[in-house]
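Per-chain residue numbering starts at 1, and chain names A, B and C are given in the order in which the chains are listed.
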Amino acid sequence: MAAVNVLEAKGLTKIYGGVEANVDVDLHLDQGKITALIGPNGAGKSTFVGMISGRIAPTRGTVYFKGRDISQLPAHKRMQLGMAYTFQITSIFPGLSVYDNVALAAGLRLAHDKQAHDAKVHAVLDRIGLDDRADQTAGDLSYGHQRVLEIAMGLAQEPEVFILDEPTQGLSETEVDAFIALMKSIAGETTILLIEHNMRVVAALADHVTVLDQGRVLASGTFAEIHANDAVQAAYLGSTPHA
Amino acid sequence: MMASRKPLALHLGILALLLVLFFVLPAYHVGAFSRIMVLAIYAMGYNLLFGYTGLLSLGHAMFFAAGMYGFGLTTNLTGFSVIPAFASAMLAAGLLALGVGYLALRTAGVAFMIVTLMFAQTVYLIILYFGTYTRGDEGFVVQQAQRQLAGIDLTTETARYFTAFILFSVCFLAMAKLVQMPFGKRLIAIRENEERARMLGYDVANLKLRAMVISGVFSGVAGASYALLFGYVGASFAGVQYSIFPLLWVLLGGAGTTIGPLIGVIFMFYLIDISSGWTNAYMLVAGIVLVLLTLFAPQGIVGTLRKRGVAWLP
Amino acid sequence: MDFGPHLMLASLEGAVISAILVLTAMGLSLVFGVMRVVNVAHGEFFMLGAVLAWVVSTTLGGHPAIGFIGALIVAPVLVGCIAAGVDRFVLKRVNYDADRTIVATIGVLYIIQQSTLMLYGPEARPVQPPFNTRLSLPWFEFGENGFAMIWPWGLSITSYKLFVIFAAAAVLVALWLLLTRTRIGLIMRATQQDSDTAQAFGVPVGKVYSWVFGLGAGLAALGAVLVVPIQQAHYLMGGDPLLLAFIVVIIGGLGSLPGTVIAALLIGMSDGIISVFFSPTLAKIIATFLVAMVLVFRPQGLLGRAET
């Protein structure tokens, strides 16, 4: 099956007062595949996904969603088209119940149909293992649970493209395992862009890996290819990415 | 989901209690409660924006005044009867809120507070400037002949109480429903985490503007009701003090709760009523309550109760 | 009077208004600049300064100059101490959270204003100026006899008003020296830049905040002491200075001290000139509306630079 581009970035560039955060970054996401975006700290990964999701206005460059130029659309319109985004620093509605957090995420599509809405929320909570905590205030959850909740919110949006900014940061090993299993279960139906530091996760999940360094694409390929790439090794200051 | 029966029972119980109060309270307090119910509409309107959406306006008196003058001026100058005058009042408040919201919502936080304060001050000064029609600080009286609806004289104590009660009930139940609806939940989402709400695909700017307009219309309804039921229209209702009052009521009762505004108004009304009995510096009480609330109970009466175990409180 | 002399008179009145305004607005701007909070009770510290000036001058008696000098020292210091107390017992406890500080200072506003009403009463009371000679001013004109100096009737200023202008200028210079040439100023600027880092380098940030808040209120009180010989002391007199000071601080760019000075001159002068020629209410309507628009479209102020 020929790969279909769901999301494509062409020549995305962001310059902050003379500092080049991203220069001519090209990237495309194949339908139903998991693409990992890796690179050392300060490589410009968050700036890049910020430009894709519409949170950061690019200096120049274009973003296409299913062939349509969405560069001028504000963030919320891009999300409405079928994108979801989880923040690097956990971002939930701390004063609301777990149920309401997920209900808000599902509500954009389902708010008109009460029963389908409620069913969807419970289905997502069940899948992620938070159903027994539905009535708990989200801000009172443990850090790990809050992270999982944010991913659950992304799932509830039923996105075509799911962008996750360092989702496993601060999670325990068992929680990381659960995350890997979850991602594997949704890949295929959902196209995933993963920003990740944890090479175990990248190795386990990524169909395709793109390496950013100093705002530019350094390398691109399968995990094995990237792993063997000398330039990538050098970019990580000689320290081998712990596979 | 949480049982939605308890809140409904509470809301209907409160309305029933207000109905009973008419028959058991002495005349003075019946008059006081007519006023309290009208002011509570104002507080509920403010609460939608401050308590639910998380936007602190320091200029809501302009919407109250838009309703009050929208009603008073149309009856006095163009001879509108009650219903069209009331409709013009709501329209005036809604349009003002739309315009102010469109501009002020470009700012956030402290700038939003100051911008709303400045716009309200502009409206207040405009009322003074057109003193020929508004009679400025002195204000004017809406004549008894113009406060008749379907043959009922709304100036009698009984008619006044029940009109206030009906208006309050409609607004109270509508607001309780509104904040339970997806729209209300989305406003709360903006209060809790605006960026997250945006990244879930919600048009935050549009939602805020709609909250502003609904809040303005509620405030305008309160202003028009005040003119209708108490027959007086004056610039003091457009002053800074009347922008501070709803903040005070909502903070005291509990921001982001359905019954908080009413409870805040009742408490504050009687606090000021009692203290003005022994000093003309009755606003001292308001000042002390504000400081104590910010220091010790930022969640107000209902918010504190909710935290101390009555979690289902709406 | 002709237009020319009339304009000069208006400008002089404007200069007096600017002088008072610059002190009041500097206080507000300083507090916002260093502490990042908006003090809504600022106008009440101004009022308190005026009322205390009356109290001090009536208590001391004797020649008006004795009372005036007494007030000049006592009122700002006392008001500064009260403000420092407010900082310690209220602002510190809400952690200088922007929203809660506004709400709390609204409360403080009413507490000060209404306490004054209880203790001082609703009357407006005058304070005698220490000196008050009327100085006629000349005007130059090209007449039939060529260039001539005339003394138009009504074109005059009192020696006291001139003193106010110079006093304000002197205080400004002193403040500027304090901020740029002393250790105290250095500490304040360090705190303004980054309070966390300042704390790490041993700056007692809590104490600095109390001092800054006190200094800000003291400046307002000082302006008020200067103004009471011209305008009487009244418990509701804090509203207008608060609004004007807000306008000045917003136009000048929040927290920028040079911007504040320029804006105070601009607003004070135009207020003086406009209210001589136009309806003051209309002037206020336009000014208030324009300030709101400035905040909407240029939140960094007319004179401030955009942060990147």
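Just so it is clear, contacts are C-beta pairs under 8 Å (C-beta built on N, C-alpha and C of every residue); 3 or more make two chains touch, one makes a residue touch a chain.
These numbers were taken from a predicted model, which means no experiment stands behind them.
*Asks:* Based on the averaged CA atom positions, which chain is farthest from subunit A?
*Replies:* Centre of mass proxy via C-alpha means gives C as farthest from subunit A.
*Asks:* Among all chains, which one's averaged Cα position is nearest the averaged Cα position of every protein chain shown?
*Replies:* Nearest to the common C-alpha centre lies chain B.
*Asks:* Take the average of all CA coordinates in subunit A, do the same for subunit B, and state the distance between these two points in whole angstrom.
*Replies:* Here subunit A and subunit B have centroids separated by 43 Å.
*Asks:* Quick one: report the Å distance separating subunit B from subunit C, using the average Cα coordinate of each chain.
*Replies:* A distance of 34 Å separates the two centres.
*Asks:* Using mean CA coordinates as chain centres, what's the subunit A-subunit C distance in Å?
*Replies:* Roughly 53 Å separates the two chain centres.
*Asks:* Please output the residues of subunit B touching subunit A within their complex, sorted ascending.
*Replies:* Contacts found on subunit B: 1-2, 182, 185-186, 188-189, 191-193, 195-204.
*Asks:* Can you tell me which positions in subunit C touch subunit B when the two form their complex?
*Replies:* Of all residues in subunit C, those touching subunit B are 38, 90, 93-94, 98-100, 102-104, 106-115, 117-118, 122, 239, 243, 246, 250, 279, 281-282, 284-285, 288-289, 291-293, 295-297, 299.
*Asks:* Spell out the residues on subunit A that touch subunit B in their complex, using ranges where they run on.
*Replies:* 53, 55, 75-77, 79-80, 85, 87, 91-96, 99-100, 103-105, 107-108, 111, 118, 135, 153, 157
*Asks:* Taking the complex as given, what residues does subunit B use to touch subunit C?
*Replies:* Spelled out, the residues of subunit B in touch with subunit C are 56, 58, 103-104, 106-107, 109-111, 113-115, 118-119, 121-122, 125-126, 128-129, 240, 244, 247, 251, 279-284, 286-295, 298.
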